[in-house]
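The structure is given below, and queries will be raised subsequently.
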Amino acid sequence: MNTTKRVVIEPLTRVEGHGKVTIKLDPAGAVESARLHVVEFRGFERFIQGRPYWEIPVAVQRLCGICPVSHHLAAAKAMDGIVGVDQVTPTAEKIRRLMHYGQIFQSHSLHFFHLSSPDLLFGFDSDPARRNVLGVAGAYPELARQGILMRKFGQEVIRATAGKKVHGTGAIPGGVNRSLTTAERQELASEIPQQKEWARTAVGIARDYTLDNLGFAAEFAAFPSNHLGLVRRDGTFDLYDGVLRAVNSAGKKILDDVEVDRYADVLIEEVKPWSYMKFPFLRELGPETGWYRVGPLARLAVCDRIGTPEAEAARVEFVEAMGGVPGTMSLAYHWARMIETLSALEEIERLLDDPDIEGDELVLQGERRNEAVGVIEAPRGTLFHHYVVADDDTVMRANLIVSTTSNNEPMNRAVESVARKYLSGTEITEGLLNHVEVAIRAYDPCLSCATHALGKMPLVMEVHDAEGRIVGEGRRSA
Amino acid sequence: MSESFTFYIDGVPVEAQPGMTILEAAQGAGIWIPRLCWHEDLEPFGGCRVCTVKANGRPCSACTQPAEPDSVVENDTPQLREWRRALVELLFAEGNHFCMICEKSGNCELQALAYRLGIAAPRFEHHWKPREVDASHPDVLIDRNRCILCARCVRASRDLDGKTVFGFTGRGPDRRVAVSSAARLADTDLEVTDAAMDVCPVGALVRKREGFSVPIGSRRFDDAPIGSDIEASGAAEPARQEE
Amino acid sequence: MSRPRIATASLAGCFGCHMSLLDLDERILELAELVEFDRSPIDDYKEFQERCAVGLVEGGCANEENVATIREFRKKCDVLVSVGDCATMGGIPAMRNLVPLEECLQEAYVDGPTVHNPSGLPPGDPELPRLLDRVYALHEVVDIDWHLPGCPPSPEAFWAAVSALLSGEPAELPPSLIRYD
């Protein structure tokens, strides 16, 4: 056999969204290339044009059903700018933060317990019949139950602040439309002690997994990279708001204290022909070396400290285990993610204790502007929303750089690294293919989010209706 | 001196005054007849046909048909429910109704009616015909994607505001609400305080910048199905709301 | 007697319906006692293992791969349910049905403030499934037995639907569980 063999993993499972991996093997069975293709797109940036600006925070949530709150809040923050509000009321900010931390808590719990734990608990090449959340429930019923109830708590926090667990309406331009009742506040606060215990357990499981497998983790999809995230001006970890900071693999700052409005000056997205997801990189470093990681591993790399005590202690332990420099291990994302989960819970506890959370000053208005940027740290990484709004209040243009998009190059490198190491020159089993997916899952990709944009079209486009008949054709010249 | 009389809706005796329509009499008796284009402050239009009932065996719009002594009217029957469902499904298939991002969701009569009629999904193929949004006016927006041609705005502007801001133009699938003789809402004398601004049953004619200021849970139909207010007010038994 | 099998998929959807299904919380564990899950994004079955009693599909059809998948589901499932507004009427992705196709082609990513496109060409690799002329609701492509509307449908709506389907009852969703937002 002297032809190139093509192996496909399709669809990726236990991730959000639609992706596939293609692996090309040369006649000797060595891996020539491995790519992560993101195969879906919808077209948000085009079809929200002409819609009134106050609809956008509710509309863009439909980019993703796991992290709708991220888009809801990023869009609301941008629309604050459109209505001329640079600082919302204390109640509004706290309600939004509560919503956001609730989301971080539920999304991270979902990812760890429902999506990733089967690989970590049973092994990457264990029986696929049980390598899922129900299999975990069978073998580790208490753990599965904790994961489910942790996600439930996060969703309850979202429901109280946004009005619905998935796709609520709580954040509006200039503020919010609701605050908590005393009953809601007390109900949620009563669950904190148990949730905290579980969150600590989760950190322990992720930490122990990493430390017990440190040698393996240092070889599996491990590579140095730049890292990007938001931090407060003083360098403290903050998932809701801040300025942009990027560090290189040695921990040295390459960007610091960059206002989010200037994101387009520092970032750019490259288009490649084989994926609907683009490849962002830092402009000043160029496409070869300017790519970077985002998300939990990156956020712990760029911040100087976490502002909540237990999570901060966990972070110190983490950084020490990483050797004092930004993490290189894809698998270390899980530990970083659980530390963030604990931090989110500590923040939720503080906010529930704050009387402003029941306040009734919900919304402000200022002088209308025509352009604004809203940036937030979504569960998966830095999320940028940028809108231009006409004088008649309709959206003229939108640009979205979505978290997972920034991890496109890192995920592709992870895929290639694992494919070369495990699939070259050997019989390819289902379990070995799952190794590739494990590398992708570590990044908790949200592939729906990452492919919002319209326009990623073939040069020659044949348009088929649902019966497969060609109903149109289009050409676009170079 | 007017003499009241009795007629029957689904076997229930209903008192009416001469000149009352079937719908008005039913309303007074706490019987809900589904409707869309009817509004208590406006002359009936008979356009939507959702209030179709059978009076002495003949289908007619309850909002325009005068009540008659001893007539036998059918309202809540499987056949009429099926007709009304088809009408409402056609409205959804004709326009571009994205309830999930519409600021009127939860306060929308079309949506609430569809819920109460038990419509899970329109069976008809969607037209997907793009319709114009007019955002020219500083304080008011028309989104024709959501307009169901009920003519409430036309009637209200004419009869309550003494203006003629709105009118229909076009025929068949091209029929739409146009604004007086001008091209844009901004060129009319519509004011955000006009009565015409308070009658739109859907999210077509809206005040700008109100958006989603009413939270989920506090919207008109969040807790009570459409028609339940009428049923609660009258002597008749509320119609079954759950199937 | 073997347990009935359920398969799920998300086509041109956002996974919000799957998240709402997971909002059954501990009841998912009860459900897992009554059914077996076949192919689904939440497990590692990438293909149908056996014929299924129930197929739950969120998302409409936006590309040829979605069409192939829903046809597979129709072949392999006794009862096929379109879940959520994207599946029942096209949903938010269907907003692109209102934008002229020519404009879609022209709106390639050369205009955005953060686009770097050295070749000037949009992606066109054969690995990428081709787009349909518009987004379709599922019942426009295959016969659908049941619709579960919502964006997403509530967990209570899911529970009512799955309970009814598994017990073979002819079911109509009560108005209190029908929501489009």
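Letters A, B and C name the chains as they come in the text, with residue numbers starting at 1 for each one.
What we mean here is this: a residue touches a chain if its C-beta (ideal position, glycine included) is under 8 Å from a C-beta of that chain, and two chains touch if they have at least 3 such contacts.
The structure displayed is predicted, hence computed values, not measured ones.
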| item | value |
| --- | --- |
| Arrangement of touching chains [line / ring / star / complete / other] | complete |
| Chain pair with more C-beta contacts, A-C versus B-C | A-C |
| Far-end chain from subunit A, centres as C-alpha averages | B |
| Separation of mean Cα positions, subunit B and subunit A [Å, integer] | 43 |
| Centre-of-Cα separation between subunit C and subunit B, whole angstrom | 32 |
| Geometric centre distance via CA averages, subunit C-subunit A, whole Å | 22 |
| Sequence positions of subunit A contacting 2 or more other chains | 59, 62, 167 |
| Two or more partner chains touched - positions in subunit B | 100-102 |
| Multi-partner residues of subunit C (at least 2 other chains) | 91-92, 95, 98-99, 140, 151, 181 |
| Of subunit B, residues touching subunit C in the complex | 92, 96, 98-102, 105-106, 111, 114-123, 125-126, 128, 130, 145, 225, 241-243 |
| Residues of subunit C defined as touching subunit A within the complex | 10, 12-20, 22-23, 25-26, 28-29, 32, 37, 40-46, 61-65, 67, 91-93, 95-96, 98-99, 101-109, 112-125, 127-133, 136, 140-141, 151-152, 181 |
| Contact footprint of subunit A on subunit B as seen in their complex | 100-103, 133, 135-136, 141, 208-217 |
| Complex interface listing, subunit C residues touching subunit B | 82, 85, 88-92, 94-95, 97-99, 134, 137, 139-140, 146-149, 151, 172-176, 178-181 |
| Subunit B-touching residues of subunit A, taken from the complex the two chains share | 50-52, 54-55, 57-59, 62, 163-164, 167-170, 172-173, 177-178, 363, 392-394 |
